[in-house]
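These are the structures in question, set out in turn.
Shared between the two complexes below is chain A, which pairs with chain B and chain C, respectively.
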Partner chain A sequence: MFAVEDLSAAYGPVKALNGVTFTASRGQVTAVLGANGAGKTTLLRTVSGLVRSTRGTVKLDGKDITRTATEKLTSYGLSHVPEGRGVIAELTVVENLRLGGLHRATASEPMPIERIFELFPRLGERRDATAHQLSGGERQMLVIGRALMARPTVLLLDEPSLGLAPRVVAQIFDLLRGLVQSEELTVVLVEQNARSALSIADHGVVLNLGKVVASAPAAELAADEQLRHAYLGF
Partner chain B sequence: MQQFLDTTLGGLVLGAVYAAFALALCLIWRSTRIVNFAQAAMAMVTTYIALSLLNADVPYWLAFLAALAAGFGLGAVIERVIIRPVEGKAELNAVILTLGLFMVLHGLTAITFGVQHRGFPAPVSTNAISVGDTSIGITPFGILTIVVVALVMAGLVVLFRFTDLGLRMRAAAFNGEVSRLLGVRVGRMLTLGWALAAAVGAVAGMLIAGGDLVNPAFMDPFVIYGFIAAVLGGLDSPLGSVIGGLILGLSLSYVTGYVGEHLAPLVALGILMVVLLVRPSGLFSAAAARRV
Partner chain C sequence: MERLRSILGPLARPITSVPLARHLVVALIAFVVAMAVIGASSQYLQTRYAEMAYFAIAAGGLTLLTGLSGQLSLGHGALMAVGAYAATLVLDRTGGETLADVFVALLVAIAVCALVGVVVGVPAARLHGPYIAGATLTLAVAVPRLANQWHVLGGEQGLQVPVPRAAELPAWIQDLVWFFTAVEIDQYSFLAYLGWLLLALTFVALANLSRSRVGRRWRAVRDDDVSAELAGIHLGRARVVAFTVSAMAAGLAGGLMAMNVRLTAPGAFTITLSLTLLAAVVLGGLGSLPGALIGAGVLAFLPHFATDLGESAGLSATQAAEVTPVVYGLVLMLVILLAPAGIVGSLRSLVSRASRTSSLASALGSTKEKTT
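On to the complex of A and B.
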């Protein structure tokens, strides 16, 4: 169980997160939705310690990780997947993956790179390519695969659909859905593309101006026409 | 023909030294995007440390190792104490700091060891090797120089290409934030980068000083030649730095041998200008590829 409670953060005088509370359950996808600037990315960055929280806690299976150094989170089983531009462009596909496996969740077996290539055959074909040569979809597969190398229990995904063709988005979301079941992952999926995100999510949290304005099962959010028009843009 | 062979061999030895120096600059540039103008002064300090040990009858190779270790420590301390506070700020801050550091190290060395020229021993002969009764333009120390620089390069290639530590260091240099998210202790890797660079610089210092005279300014020309070599090859590319060093060493040796010694610095600056005008990212930089 991954729980965020009353989390707040600010950029100087501007409050970017204002008392955000939600939980994400194991084996489920929790979508965090909202318009540009709603605080979605800031939420993930605050959880990872890249932005300092001013208030509130983040708990992973009951353990308080709010002030844990960013570098230590992968060893606790939490992997933050930056959007696809977060590949290390100068390294090859294999090097990016190897790097992901260097600081795994404690007491976990190393993940064989071949296993990632089974999940993403396209990456296997391009194993020796430098990451800057990859297409947007391939980069997205690479950052997800790289995070899996750390054998996480919680996966925080930042806008995996950004800049990708709808067909590629569907493909990546399908894979994600499969992973959640096979690996018993807790996934927090930050997305601007609310329609696609809700189609694979179990639960949804809607942010507006740094505050939670709705939190409900995904199907319920998708059915709420007023909410969709006001915050989700579909 | 004889002269051509001599100048070529001399150029290779010189080039190996420039390459080592360029490599030290490149290591720091890659990890922290700083051109370390204090590199020569740092190497000068470590060479003086070795000289003190040699004067106290410590065996040559032990003093060599001590210089390496001193460079490693000096690099780490400088990164932690002096450079860390300005990392991530305007790049000029760090550059000015390294220039200041250059002067401070110069001054401190002069106060501690004096400014007079002092002889520096070499572990092997510095007289030209003879084949039959013609002497060829390379000395045993010159051969040693090339071998040592080649070993340093090979060591760095192994470190960066084949080890997990090297992978962490490269990742930290290329993308600090993403590396932190993957669990890499980026600060530590940057310190290690400076330490390694300073150790490579210390090796260069020992090779330049061997069989020659040292004073606190003896390394100064090398920071300029090393910089030119690194820019020529591409500051980003260790391989480029090495090739840049060799090209520069050979060019300067030919100019010295066929035209005149006094023209060498001019030619070096000419090379720098042409590279900056025509291909500012250097011959081997990945920057061009990145634009695709």
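On to the complex of A and C.
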């Protein structure tokens, strides 16, 4: 169980998160939705320690990870795929994937790269291509694959659909859905594209101006016409 | 047959497909060629080759730091000064007459610079872009002045550096050099051979490092620090390691420079040296070791050519010597205008473009055959 409680963060005097509380369960996709500037990305960045929280806690299976250094989080089982697909352009697909398994070299084995290629056959076909030769969709698969290399229990995904063709988005979301089942993952999915996010999510959390305004099963949110019009834009 | 191949597979692979082996083979060939060239050169040119070697070692360390880990250092001249003074002080104590003295001095130079690298690298790892440039610039300005503060460093006049005489070198080295070059080893060729041997070793080490997990970490930190951190890389540690490795190369280069110049004085380690090293790295191609070698070659030989050029144009010797900075500046500007990726970078893209057109041509040729 992944639990965020009363989490707050600020950029100088501007409060970006104001007492956000939600939980995400194992084997489920929890979608975090909301308009531009609602605090979705800040929420993930605060969980990862890229932004310092001013209040509140983040717990992973009961363990408090609020103040854990960013680079140590993967060894606690939390992987964060940032917005904008941070592939290392000069390295090959395989080398990029290996970066994700770095910290495991001393502890337990990282996920075998072949397993990633089973999940994303497209990456296997392009294993020796450098990352800058990849398409947007392939890059998104690569960063998700890199995050999986650390064998996470919780996967934070920031706008995986950004700038991708609808067909590619559907493909990635399908893969994601499959992953959640096969790997028993807890996925927290931040999305601007609320309609497609809700189509694969089990649970939805709606943010507005740094606060949670709704938290309910995905189907319920999708059915609530007023909420959809007010916050989700469809 | 298939089974035999699968058993022999890893052994049957050409040796050059293993990076470590490939680097070693290239370095060995380069060193033998360098030995032959140095052996056949005049004393003056031997000194230039030795100079090229130590500049290349320092530039190699710098290109790794700036090109791979993305930290700009304007203070590598100061690190060379640290190495030079450390080696000089050791040679002064030991007398510097045997080969062992030389290696001890160089090892001490590397060790002291590693220490300085950590001390400077730790605060520098917290800085980005222009700030790290500023911090290392301070180093370049401040360090040479320290020589005036302590009597043991010899002040403005500097310290004499003893180096071994060729006659005192072990017999097997004298024989070996004779075997390869058919010329007796003397003090100048000895320093050139030593420089190129250490250059080959340093470049093998740096090339392996850049291909290793450590090198991949540096590239990740340079390209996308947030992603690197989220992937579990400790940004500060990766940067400090890069800075320390780079400082060690500068220390070795400084030690060699001291032996070649025979005098270690603050005047040799001004900010100009730091900037020249950086220029050499940019000239050759940022992040490329062959580029660092080419850049160092330009540094070492350009004054020679520029002076020749000046004299053939009818200038007096003193006037001709003043042509050097002009030519150097011109070369630098031309490279930046015509080959912004550096000499090696441009050659590489030229080669890949040529191979692409030829493969395209053959592909077109094969379709044409099909249609006819």
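The working rule: the second predicted complex is superposed on the first by the 227 of 234 C-alpha atoms of A that agree within 3 Å, B and C clash if a C-alpha of one lies under 4 Å from a C-alpha of the other, contacts with A are read in each partner's own complex, and residues count from 1 in each chain.
In this text, a contact is a pair of C-beta atoms (placed from the backbone, for glycine too) under 8 Å apart; a residue touches a chain by one contact, two chains touch by 3 or more.
Since we're looking at a predicted model, the values are computed, not measured.
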item: When chain B and chain C are modelled together on chain A, clash or fit; value: clash
item: Which of chain B and chain C A:3 touches, first, second, both or neither; value: neither
item: Chain B versus chain C as contact partner of A:48, first or second or both or neither; value: both
item: First, second, both or neither for A:119, with chain B first and chain C second; value: neither
item: Partner chain in contact with A:91 - chain B first, chain C second, else both or neither; value: both
item: Overlapping contact positions on chain A, where the chain C interface meets the chain B interface; value: 48, 50, 70-75, 79-80, 82, 86-91, 95, 98-100, 102-103, 146, 150
item: Of chain A, residues touching chain C in the complex; value: 48, 50, 69-75, 79-82, 86-91, 95, 98-100, 102-103, 105, 143, 146-147, 150
item: Chain A residues touching chain B - in the complex, by the definition given at the top; value: 48, 50, 70-75, 79-80, 82, 86-91, 95, 98-100, 102-103, 130, 132-133, 146, 150
item: Chain B - residues contacting chain A, complex; value: 164, 167-168, 170-171, 174-175, 177-186, 286, 289-290, 292
item: Chain A partner contacts - residues on chain C that touch it in the complex; value: 213, 216-217, 219-220, 223-224, 226-235
